[in-house]
Every structure is written in structure tokens, then in C-alpha cells.
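Listed below are the structures to be examined.
What follows is a pair of complexes built around chain A, which joins chain B in one and chain C in the other.
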Partner chain A sequence: MKKFFNIYFTCIKTAMARALAYRLNFVLSMLIALGWNALFPLVTILIYGAGASFPGWDFYEVLLIQSVFLLSTGFAFMAFNGVLWSTMHHIREGSFEIVLLKPISPIFFMIAANFDPECVGMIVGGTVLFTIAIVHTGVASVMAVGQFLILFTAGFAVMAGINMLMAATSFKWVGNSRIPEIFDSMMEFGKYPATIFPKPLQGIAAFVFPVSMIGFFPAQALLGDLEMYMIISIIPCILFMLFGIFMYKHMIKLYEGVGG
Partner chain B sequence: MRSIKHKIDICAAVAHVTIKEYLVYRSHMMVSLFVGPVYFVVQFFIWTAVYGDGGALVGFEYEQMIRYFGITALLGYVTWNSADWNLSMLIRTGRYLTFALRPLNHRFFALSQKIGHRLLAIGFELIPCTFIFILLFGIDMRPSNIGWFVLSVALAFFMNFYVNYCLGLASFWIVQTDGIRYLYALLSTIFAGALVPLVFFPVSLQFIQFFLPFQYISYVPVMVFLGEYRLGGFTLSIPAIVGIQGAAVIVMFILSEILYKSAMKRFTAVGA
Partner chain C sequence: MQIINVKNLTKTYITHKRGSGFKETIRSFFKREKVIVNAVNNVSFTVEEGSITGILGPNGAGKSTTIKMLCGTLFPTSGEITAMEFRPYADRKRYVGEIGAVFGQRSQLVWDIPPIDSFNMNRAIYGISQADYKSRLDELAELFEIKEVMHKPTRVLSLGERMKCEFIMAMLHKPKIVFLDEPTIGLDVIAKAKIREFIQKINATGTTFILTTHDLEDVKQLADHVIIINHGVKVFDDTLQNLQLNLGEKKIVELTLEEPFNNSVLDDSVRVIEQKSPLELVLEVDVSKTTIGDFIERLSKKLSISDISVKELPMEEIITQIYEEEKTED
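What follows is the complex of A and B.
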């Protein structure tokens, strides 16, 4: 276990050094990420600014959901997003053997070697929005914080699963840079209060493709509105992550090293 | 006259080759058949919830708003291009030299390529998604005036191309244009009207849009489709706004011409 920690921290240090070699680019990338973050709740801001609302939700409650979603994706992108692009590159070039030859689990190596420090901008933006939201909504109780942390971790597991599934897809759908669009579009359902969607879609977002766990359920925990089905949906979140890992490992077994 | 026919022949030949080239990646384009409707479903339920029992929001009735997002999604398939990235890559790698040696203006070549690419997108993205929107969501996809709408969409395509080409030309001066391109993408996402109709913004921000290229790429053709145009406190007739859109495209064309000639003087074919 210690070996894995050492390798992971070495990879983080290397990624930081690599990013800081192009300081201006690093700072610009973070600033642009911050700009995109400002855009994230724009639709909500404009809707509420026009005097309309999502029924049963005030502005800061919706902002809380979206800030939690942003934080979760920020952490997940930092840890996993590079796996897709790196895998896609290796498959296209036929160079995945280099990864397979390393004396360590290929999936662990791909995650560690593709740590992305530029996602700090997303996390900073998410934290600012989260702080603004939580100051206005307040926290239901101390227990709510504990529930939030558990559900937030489950949401992180969903994001891990999504990233691993995307990377696994790139083994078969070689060089298709539109793979993230497919998953991004499905993640849209997690950015808004689930109650605006019909029940069947709410069920899918809770138990099949559990994107509600990325933002909506943890925010509900903080607001003190947690329901039993939200806690139960932790199970499909974990299964989803395991499925993503299984698919990635399965695709590695099928890899033939042809290149393109 | 012969010169024009020659240009049309070149455009048709380049577009034809581009179509053949991208037919290999048709499954990439068909991703839109899933992604487009899914994004639309989300918008559909957002606005269904927001409108609740009915009424109007900043002058938009519920049905108009749904049509707005439907046509916005479809319009992207016609106007999208990556001229900025393509040109930037050619300059950065030095491969632009092979184009500089050809007896053909690169901008015209790139435009012909994009025409071919978008013609393919009409077949693989636009038409299937239009049917999905009509049959699944029951959206009225009939424009208020088909002639003005087609003209406005064509102008939007040219506007997006010239703006992107100018961004790509920036590579002759600063080589790495990623930052500028991302910044433009950010502003364009906000101010083209794809996220939310521009009339939701403060009036001063709306007024500025008359002098920026963004609204001419998406908001104007969508409002022409709906048959009424308002922005920044002005209500304009459809011929008037399409005329302004045409003038904006001419300005952008002239700007790209100036930048192109200026860039050619700097080109050293060194690459990176």
C-alpha cells in the first residue's frame, strides 16, 4: 500500500512540476477554468433574475446543488480526466504496451500518471460558489455534514466510474474525441434539482446512471431533506464505479496493440 | 464570369473530397443523434418547470422557448466549424507552407472544406435530429419565413467561419492560440444565445451585442426562425436584422482579409 502512495505522490509532484514549467499557460488555464465556473450557474442566475424559479427551490438552494456538482467534477477531473485522453492517445498510436510493461497495475499507473493540477481552477470556483450558497441556506445539523460527506464520496465514485467507462470506450471507438460529449450530456441531469424531471428519469438518475449523487443528493443532505432512497442509492454508485473499473480492465485484456 | 465558375468548381471539388474524407468518421458525427436530444430533454424539463402554469417570461411564451432551444440545437450542426484550430495547427507545425505554395487562397480552401463538412453534417446530424425533435417532442419546426431563415443561417455559417479563421490567423503572431480560442469559446457560449435567450441579460449587455459577432452566429437566425427580433430595447423587422447580420458578415470578411494579407507578410515557414 505504501508503494502505491509513494508512486501516486511522486506522480503528483511530477505533474505539478510539468504544469509549472509553463507558468503562464498554467495560470491562464486556471483563470479560464474559473471563467467557465462563473458560467456554470449562469442559466440559474438569469432565470431567477427574470423573476422565475424552479418550483419549490430558492436560488441559493439551486446554487448549492450546482456548486456541489462543480466541486465533485473538479476533484474527479483532477484525479481521472487525463485517463481518457491518455488512453485514447495510446490506443491510436498503438503504444499502450508501454503502460502494460510497467511493473504495476496499468489502471493505477494511468490514474497516477495523468493527475491534472489545472483542475484546481474548477475546485476554487466550486468552493467560492459553495461558500456563497451555504452562507444563505445554512446547514441543517452536524449530522447533515456527515451525511453530506458520505454522499459526496459516493458522487466522487460515480465520477470515477464515468471516467473509467469513457476511457474503456476509447479502446473500441478509436480516436473519437466526442466520447466525453455522450457522458457530459447525461451528466446534465445531475446539475439541476431532480424534482423538475419526471419520476422515471429521477429513478434512472438515482439508480441506473446515478448522476443525482454528484450534486443533488449531497446538497439535499446539507439542507436536511435527505430521503431513504437517496441513502440506498449509494449502492448503485459503488457498483457503477466497480463496473467502470471492470470495463477498463476488460478492455485492457482485449487490447491487441495494432495502432492506427 | 469564368473566374466565378472556376471558383465554384474548386469549392465543389474541395467540398466533395472533404465529404469523402469525413464519411470515414460518420459514427463520430452520429454521436449527435444521442447528445443533441439528451441536452434538449434537459432544457425541455428546465423550462417546463420554470413556466409552471404558463404565462410569459421576458416576452417568451412557453412554446416559443421550447422552439428556441430546439432550433438552437439544430443550428449548431450547420454553423459549427473548427477553422481556428485547423489553421492554428497548420501554422504551429509549419505545415501551412504546403498551402502557401498552392495557387489557391487558403481561406477559400478552408471555407470550401467547411462547406463540405457541414453538408455531411446536414445528412448525418441535422436531418435525423430534426425528425427526432418533431416526432418525439412534437416541436413545430416550421420557420416563420423560410427564405429569410435560410439566408440568416447561411450568414451565420459565414460569420462563424470568418471569426474562427481570424482566431486561427492569430497564430502567425503568438503561435499558441489556445488561450484566445478558449476565451472566445467562453464568450461565444454566453453571448451567442445558446444557453439562454439574450433578452434575459441586462439591457446594456444586450445593446453591446450589436457590435460583437456572437449574436449573429446563433441568436439572430433563431429569432428569424421564430419571426420576431428584439434585443437591447429594440424591436426590428426580420429583413432589417438580416440586413444588419449581412453587414456584420461583410465587416468580418474585410477584417479577415486585412489580417490574412498582414499574416502572409509575416509567414516564414519555420514551424515549431
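What follows is the complex of A and C.
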């Protein structure tokens, strides 16, 4: 275990050095991420500013869901997003052998080596929005915080699964830069209160492609409105992550079989 | 003692044929024709511990596919590889910890940061202790004379400097076998000489090297065992001495003359292999019968030369000669 932490932190330091090699690019990327996140709840602001609303939800409750979504995606992008782009690059260039030459798990190496510190901007933006929202909504109880952390971790697992699946598809669809857009569109459902969607869609977002766990369910825990099905949906989240890892490993095997 | 044993190694790919031209492009968008490629076909050989084996062959011969299978990064379609006590493709994680690899056209270095940071990353990945890492790095950096270079960003280094750093990256964990895929490709004469000198020095400590190349000079200066692959098939597997015995010592001389060529320079040590025009021709010189120096001296006395270059026998020519030798023996 110590060896894995050592590898992970050494790779993170290398990734930091790589990101900081171009200082202006790093600062600009952070600022753009921050600015983009300030606009993240724009639709919600416009709806509520016009006097309309999502039925049964006040502005700060919706903002809480969206800030949790932003935090979850921020942490996940920092940890996993580089895996997709790096995998795509290696497959297109035919250089994935370099990854396979390392005496560690290729998935672990790709995650560690492609840590993306530029996502700090997203996390800072998410934290600011989260603080604003939580000041207005309050927290239901101490237990609610515990439930939030568990569900947030499950949401992180979903994000891990999504990133692994995206990266896995790039082994087959070489050079398909539209893959993230497909997944981004599907993730959109996670940043609004699920109750505004039809029941079948709610079911899909909870149990099939569990994007509700990225923002909605953890926010519900903080608000003290957790329901049993939300806790049960932790299982599909873990299965989703395992499926993503399985698919990535399977694709590596195919690469080992057909590359060259 | 054998360190690698390869039996009936075969690798088959399925690729898709894409047509050229508008009509073919549209057709292949809807229906692609499958093409089966036999990249490596029933190849067997062994490698002795502590040796330098050169795998020679023209572009697309199957050298890189063979070396990737030996590295454990590609599954063979059929056949067996045993390296040390491992089956590379089945025991990849443990096996690659015992080998090093330099792919001349694929970098292990992180492009935007100094090589020293990439070395440090490999230190953690291979679990090398700080003390071992420091002494090994000092030793290798001294050998390659890159103590200053390794602190500059990789992107600003010359190809030769980068290649030296690639070698260090592959050698830090003291691998027992080192695979080199075209290690001198694109390098100038001085950088090539330095890389060859390094390989010889490390080999003297007992490390086994296997290198693929289409540069005959690499093999002549380094290898004691030569394997030649053409179209995925092994056409030669013997010592360097026997290869030279088979081929004779031949060089290619390309000439541009100021006046039309006449046959007065030809004798049993020289033959014309191509005449592009009365002023441009390619000669083959048997240097076991005359030295290149003597030949050029003789040439300059009889002909007025505008340009001259001396080259090794092209790989295609070597393979053709080997095939002809085999036919004669049959």
C-alpha cells in the first residue's frame, strides 16, 4: 500500500510540474474554469429571477444540488479526466506500449500520471457556490453530513466509471473527440432535482446510469430528505464503476491483442 | 545459458482496407474490406544470456511486432515465448519489472518537464531505493555526459540528448534484458557512436540486449548474434561472422561523374549494379578484395568525380543475397 501511495504522489508531483511548466496557461485555465463555474447556475438564476421555479424547490436548494454536482465533477476530473485524453493520444499514436511497460496496473498508472491540477478552479468555484447555498439552506443534522459524505463518495465512483467508460470507448473509436460530449449530455440530468423529470427517467438516473448520485442524492442527504431508494442506488453506482474498470481492462487486452 | 526461447511465434492482425479517391472513400465508409496481415509468421529462435542479438529487416518486416511480443505488450496469435522464468504476455506486470525497453520512435520521457523528473517517476514505479537511485543515476549520467542536460525540459533537448535520457530511463532499475527498437534512428554519427559505446559497456556487465534495426552498421558494431526477418518470416539466424561469411564484405558506392563512365575501373572486386545515366551510377565494391581507400584512389586517377558516397549494402540486397544462397544450397 505504501508503494502505491508513493507512486501516486510522485506521479501527482510530476503532473503538477508538467502543468506548472507553462505558468500563463495554468493561471488562465484556472481563471477560465472559475469564470465558467460562476456561470454554471446561470439557467437556474434566470428561471428564478424571472419569478418561475422548479416545482417544490427553492433557489438555494437547487443551487446546493448544482454546487455538489460541480464539486463532484471537479474532484473527478482532477483524478480521472486526463485518463481519457491520454488514452486517446496513446491509441492514436500507437504508443500505449509505453504504459504497458510499467510494472504496475495500467489503469493505476494512467490515473496517477494524468492527474489534472488545473481542475482546482472547478473545485474552488464549486466550494464557493456550495458555501453560499448551505448558508441559506442549512444542514439537517450531523448524521445528514455523514450520509452526504457516503453518497458523495458514491457519486465520485459514478464519475470514475463514466471516465473509465469514455476512455475504454476510445480504444475502439480511435480519435473520437465527441465521446465526452455524449457523456456530458447524459450527465446533465444529474445537476437538476430529479423530481422534475418523468418517473422512468428518474429510475434510469438512479439505477441504470446513476447520474443522480453525482449531485441530487448527496444534496438531498444534506437537506434531510433522503429516501431509501437513494441509499439502495449506491449499489448500482459501485457496479457502474466496476463496469467502467472492467471495460477499460478488457480494451487493454484487445489492444495487447491487436496493436502494433 | 538461454535467457529467451521463442517457438513458432506468429502474430496475425485484422485491419481494414480503405480505398483512395472519393468513390472508394464513400464505399469504405459504409463497408470496409477486412485484410488479414501475417506480421510475424512461425518464427523460432533463442537468445543467450549476456549476448547482443540484432534483429534486422527492412521496414514492415515484423521486427517491431516481434520485439513488442518479447516485451509482453502484445499477445502472440500463436506460439510460445519464455524469457527468464516468465511468459511475457501472461506475466506482464512481474516480467516488465525485470526488463528495460527503448523504442526509438516512442518516448517514455514527459515532454514538458526535465528528464530528471521522469527518472524520479520511474524510481517510484520500479520501487528503487533513494540510495540505489542516486548512485545508478550518477553512474549513468556520467557515462552519457548528460549531468547538465537532464535538468533542462525534454522538449528543448536534441534528439541525441533525448535518446541518451531514454536509455537512462530504461536502465535505472538494472534490467536483466534490454529491448531496443531502432535505438539509433535519426541520430547523427557521433550520437550513434555514443549510444553504441554505452550498449557495449552495459553489456559487459552481463545485461542481455536485443535490438531491432535496419542499420547494418548497428549490427556490425554490436551484435554477436543476428536474426533477419523479412515479411514476417525468419530468413537468417546465426552469428555475425557467418552473416559476413555468407555475404562477403561489400559496400555500395554512389558516383556522380563529370564525364561519361567507362569500364576501365571494373575488375573482379567491383561491379555496376545500377546506371541511372552516363554520369550517375551505383557500384558494389567487395572490400575483402580491395580497400575502399585503394578503390577511390584508383577511381580518381581514371575518372573525373563530381560526387561520391559510400554506403552499407541495403537491407533488401542482403535479404536477396541470403535467398539466393539458400537456393544455391538447395
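We adopt the following convention: the second predicted complex is superposed on the first by the 255 of 260 C-alpha atoms of A that agree within 3 Å, B and C clash if a C-alpha of one lies under 4 Å from a C-alpha of the other, contacts with A are read in each partner's own complex, and residues count from 1 in each chain.
As a convention for this text, a residue touches a chain if its C-beta (ideal position, glycine included) is under 8 Å from a C-beta of that chain, and two chains touch if they have at least 3 such contacts.
As the structure is a prediction and not an experimental result, all values here were calculated from the model.
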Room on chain A for both chain B and chain C (clash or fit): fit
Touching partner for A:47 - first (chain B), second (chain C), both, neither: first
First, second, both or neither for A:58, with chain B first and chain C second: neither
First (chain B), second (chain C), both or neither touched by A:176: first
Chain B versus chain C as contact partner of A:197, first or second or both or neither: first
Which superposed partner A:185 touches (first chain B, second chain C, both, neither): first
Touched partner set for A:225, first chain B, second chain C, both or neither: neither
After superposition on chain A, the shortest CA separation from chain B to chain C (Å): 6
Chain C-facing residues of chain A, complex: 3, 6-7, 10-11, 13-14, 17-18, 21-22, 93-98, 100-105, 109, 113, 253, 256-260
Chain A-touching residues of chain C, taken from the complex the two chains share: 11, 13-14, 39, 64-65, 68, 71-75, 89, 92-94, 96-97, 101, 103, 106-108, 110, 112-113, 117-118, 120-121, 123-127, 153
Of chain B, residues touching chain A in the complex: 25, 27-28, 31, 34-35, 38-39, 42, 45-46, 48-52, 57-58, 176, 178-179, 182-183, 186, 189-190, 195-196, 200-201
Complex contact set, residues of chain A against chain B: 25, 28-29, 32, 35-36, 39, 42-43, 46-47, 49-55, 173, 176-179, 181-182, 184-186, 188-189, 192, 196-198, 201
